[in-house]
């Protein structure tokens, strides 16, 4: 079992969600984060003074999947999230030892 | 060492926290997330129009534990968080290579 | 490849960020969390009644790094975040199977 | 109805004052709304807003008439030499039904068009009911509360307003007993509004029982900027409330204005000093609470004390309230937003302190104990205060029990945990995230009470 | 210009009322600002604030003169026995250019200094423009909107205000045709303000096209406390609007005051009842909307119906609006914040219902159909309403098309997705986090329209 | 004291105006509160609120008497033919101690009850002090600030208010030197309020030193809706401030009202234009700042310029302020919320521009340079402005140093980083999360200054 984590642009969240659900993923967990990366140097003027902006709002997706699906889901996410602009984000995969569904207590693959 | 991550209903946070602390866990990190899963189809009416609700507020718990305790802590969390309703959430376990306590610089088990 | 996660005090975020960037890290993802740990027992008075405070605002950093740099980056973070006070936080490392850069589709080390 | 000519300056002031008082109810909505947790802010505000709806309509239909129609009552011995002997209990509800006849240019009240007086007093009725809601934050069904506003208006407020505000010969031959027969001084409603609402809040808090977690969790205000906004608007509006109660634009109104400023200033300082020395920090909630406590206390006294007297009235009452708000933890009634602690206690102090501080040089021209007037005014004040306390508590308690037994009062435990805004109004107060989720909801859980560990369920008499 | 003596009471009331009306525009900014999503709150508020800037200046330069200068027009047969035969179209823009001559103590309007009347009416002009903005939330370039306020003021509002508010012999020998020649009753601007702004909003919504996601995503209010604040300030300010329109402090103002209270109270109840039975829950947005609907509806009628009549006017109009706000989904025009649904529909109902509910005992002294007056007043009301509807729609549509063809109206799709606040104002509404990021920004993406899947791009006529 | 009859219309207007001015202080609390970071919002608001407490009480005790009691001073050559020769410095503090004697119906000021004048002027004193606080946001101990309000009121404001507002023969035989001997025109307080508070803010900013991070981090407003609310309430209240300063409800008040509208409208446009062309985007903070700059500038001039002149006064002063707010970065004083840049500069421009734009047809009846009046009025304006600048700066600086040396001014570096709300008030502004943590706190760290890297510690003279 794997945990896929993706950092994406907020504006593409909806299309990413639809893409992975269409692909058969049944659940996911989402949170708001701030990203620091290549996408910077953006300059804002405030009261006549210029400041460089460092942190940019991003969305973080976490999806638990079974090993065989993992590769494909990563591709689906990356595909749906791609705008081709700097700042599109990252997707990464971490191994998971075990999963438990709280409601039923089922564990392992059954809990995904 | 393991990292236990749990997605739970916000209303059970307090009892989960008390349960794991009673069980001997000394620390945890909490954040707010939005979940997408089986628990949906909830319909809201706004200005006379109906909309389906997709994302639901959940709480995310992260707890670092030593390997031997891991199994039990997962059970404690799942037990305390269970209401038996769809949407109760998931608990999963990820292997951790190393842990450092910032204050002291201690690493490994001593840092948990 | 590794994922370094750090829980730190909000006030040191800026110096930690500068330290890791100076060290050559090109990106990171940040979020706000609440921490529970040794740092507690803080008592507040409200309307003449006393209450104990359990959760304290912390910042969570996630940094993807290549295996050889990992150790050092962890040290840099821990060093920059240390104030020596209880509540300074934790840094931990999790193995990562794969990383994809959304913009280009590159994967593995190239995507960091 | 006295037949005087309409004075445009007095009318301008009273119409302005009426608008100021109207604004107090939204102000209260923000004051209360900011004090609850984020998940109940809308319900809290709606409890105030709905009062504007129900009482606004009732007032026009028969509320004004029940308060200011010629009073039903009986003859009783006078309490003063040559004082009135008529004990007025309730205005005739049919006399001004639907405000009939009051649109005529001949319909005047003092130097005002009758409709200006109707307008001004309407806003008093609205805010009185709204004040009560603070005692039952986070847990009362909106239907139950709406019904309460109607019943309380009819059975408690309209009669009591007549007792206190209806002077013989002003809008009817006979007015209410407290103003005329007893002769208690209540310039702008320390009894009719604050004691009345405050003690009714206690009755409701007892009937509904405490919130889940009361006494064990702090439940601090979720948005202090909203609380401060409420406090600011209340203070602003209260100038209409107090100085407007002069019903004319002259010296009396001006004195009441200055007293409303300085008593409140002193009260804010007093509350902050109590906090500074008791808790270590002067808080913004303390400042806001002190402001309201001072305003409550000076309400009955605005026309009968000097500005220096007002400093004492405001300061003493506020310090008393700062301690009184802690009593709920001791006695276990969940007066959630301190309606009892501030409005009942503050109203009581303000009303009774008149007996001590009334200055013969003030517009009321009465001397209190400290100004050589003896205890004559003091006992009148005490009797007025006690009468309203007892009447309001008993009737409110009965109304509350009636609602509990019929349509029910309290939302379920699971709904209370999830938050009353979503269950009663299907809304959330805030969605400030710059991230746009499609159709995110903040409602989450469908727990039943049995799902909770024992310790979590308070001894609420659900 | 009538030469009467200045009455200080009337002046006090009208200056107060003017300040109250001025406050309505920030009130509207909060009402509208709270209803959009967090990423557009500042732009929404700025659309109201900029109206205070542009119209404030224009009014002084020539706007007042275009509305209240001696009217240009022509003779036409009278519509009533001995009624005026002059059909006034537009005030002379040069007569009071730069308000010349109006600082003189001799310059009076009724019992007021002319400048007090200038002040009062200025605030009407400002809010009328600001109201329109709700129809095009989240997507209009700030430059385009600013230009619109100027053109709409000159071409639509100033003339129409003259038609409705300029009475023969008050500030010029001839006033506007609706007030004088037609004789439609419009106490405070149901036609000139609400029908006018409402239908102009429709024209703009059609020209700009819907927001991305309109009809498929709820786009609920991001901050209901701000909406409620707006509603509270609007209600408060509206007492100035309506009761101030009496232009004196006496019975007429007092009646208008009470009607403004009770119609709104009834309207709030009506909207909540519709929601309760149609959707299951009475919402706070519904309460706020009901309040505004009631205020809109009573605006034209405040001086011509009884308080009981006002309950009907408010209740009926509000229920109608509660249904009308859903029409945009049916017909596909994105009247984002219900300017059409509330202001046009509410204004229309209020204006026409006068023909039914006008009470001969009210200050206006006219009898509507239900009071035995036949249909005479009814058709006058209908003609006035229709005339303003047609004129405003056509001219606003033309102005909007002009702007679209020249400087452009709509921000890009990517900017709309990221949020208009950042692109147009380089600001974010909120940064409430206790964590201090150095230079965090909420702007993120530089998408082009082509990057979006087809289904996401609505059929907006960009 | 002049013995005239009380005019109810004038009284109605001044009581209303007083309430409007009172509301400005909470308005300022929101304006300032929204501009700081989330972690300091409560402290910022409390600095305004506490002024209402301390100054409110002091005013009643002896403040009014120090400003409006019969003035202490000396004879000096007159500056005009037949002008007064008495140079008044300070009102007799004992004459009206505790407002003695002013409750009497015989105590009048012009056509007002003396108490109405007391009320109106009280609110001026309160807001003047509160304005200063913006210069020392986020870093001043609450005790230090509270003490400052007391000392500044006594040593700076009460005397200066007497100089400017106390006219010979109005409340005492002799008034202050600026109003009478010098004859500078200051309708509503450009010198006594804005120059006074603005330059005092500079003194405090210099004594306290800059915030950590000043000049290197943007420190943008955390809640622009709160800022806009503040701006809206300030504008609303300012009608009381300016038009109320006529002390009667007639032509003068009406002219001042219109000027207050149009100068502010022009000022908003001017600031937004500067931003549009300098920075690329017109911001909502710019609109709010422009509004305040315009209000400040027209304050002294409201009764002495024509509406067209007001457009120039507002527009010019606002553009100047828009540039002046950047000076702090150049010179390194942390005037955090632009008290110097807006109030001092705006007040200065407004005061001096009278010398150019004063219109002989305006109520003041004086001709400025552009209206053929030569430089006579211009130098009087300049002298008045300079005198207040110098006096206020010097005394404020001394008071600030005294506080620094005794009870201390600045909170610790660690506390400043964590946020002043928690350390000084033990509260957090917001907890908007729908998730209920038991007892979450936002306070986190107990850093000492040594823990910070060098670059982070600014050269503040702690």
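In order of appearance the chains are A, B, C, D, E and F, and numbering begins at 1 in each one.
Just so it is clear, a residue touches a chain if its C-beta (ideal position, glycine included) is under 8 Å from a C-beta of that chain, and two chains touch if they have at least 3 such contacts.
Composition by chain, UniProt nomenclature: A, B, C = Nitrogen assimilation regulatory protein for GlnL, GlnE, and AmtB; D, E, F = Ammonium transporter.
The structure displayed is predicted, hence computed values, not measured ones.
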Query: Pick from C-D, C-F or A-F: which pair repeats the contacts of B-D, with over half of them the same residue pairs?
result: C-F
Message: Per the definition at the top, count C-beta pairs in contact and tell me whether A-E or C-D has more.
response: A-E
Field: Mean-CA-position distance for chain E (Ammonium transporter) and chain B (Å)
entry: 50
- prompt: How far is the middle of chain A from the middle of chain B, if each middle is the mean of its Cα atoms, in Å?
  reply: 18
Message: At least two partner chains per residue is the criterion; list those residues in chain E (Ammonium transporter).
response: 7-10, 12-13, 16, 217-218, 220, 223, 229, 233, 249, 279-281, 285, 426, 428-430, 432-434, 436-439, 442
Task: Mind pulling the residue numbers of chain B that touch at least two other chains?
output: 10-11, 14, 17, 30-32, 34, 44-45, 51, 54-55, 57-58, 83-85, 87, 94-95
- request: Would you mind writing out the residues of chain D (Ammonium transporter) in touch with chain B in their complex?
  value: 414, 417-418, 426, 437-447, 451-453, 456
Field: List of chain E (Ammonium transporter) residues in touch with chain D (Ammonium transporter) within their complex
entry: 7-10, 12-13, 16, 20, 37-39, 217-218, 220-225, 228-229, 231-233, 235-236, 239-240, 243, 248-251, 253-255, 257-258, 261-262, 264-266, 268-269, 272, 279-285, 287, 291, 306-308, 311, 359, 361-363, 419, 428-430, 432, 442
- prompt: What part of chain B is in contact with chain C in the complex they form?
  reply: 1, 3, 17, 21, 26-31, 64, 94-103, 105, 111
Message: Could you list, by residue number, the parts of chain D (Ammonium transporter) that touch chain E (Ammonium transporter) in their complex?
response: 6-13, 15-16, 18-19, 22-23, 25-27, 29-30, 33-34, 41-42, 45-46, 49-50, 52-57, 59-61, 98-99, 103-105, 107, 112-116, 118-119, 122-123, 142, 223, 226, 229, 249, 424-434, 436, 438-439
Message: Taking the touch rule as given, give the residues of chain C at its contact with chain D (Ammonium transporter) in the complex, in rising order.
response: 44-49, 51
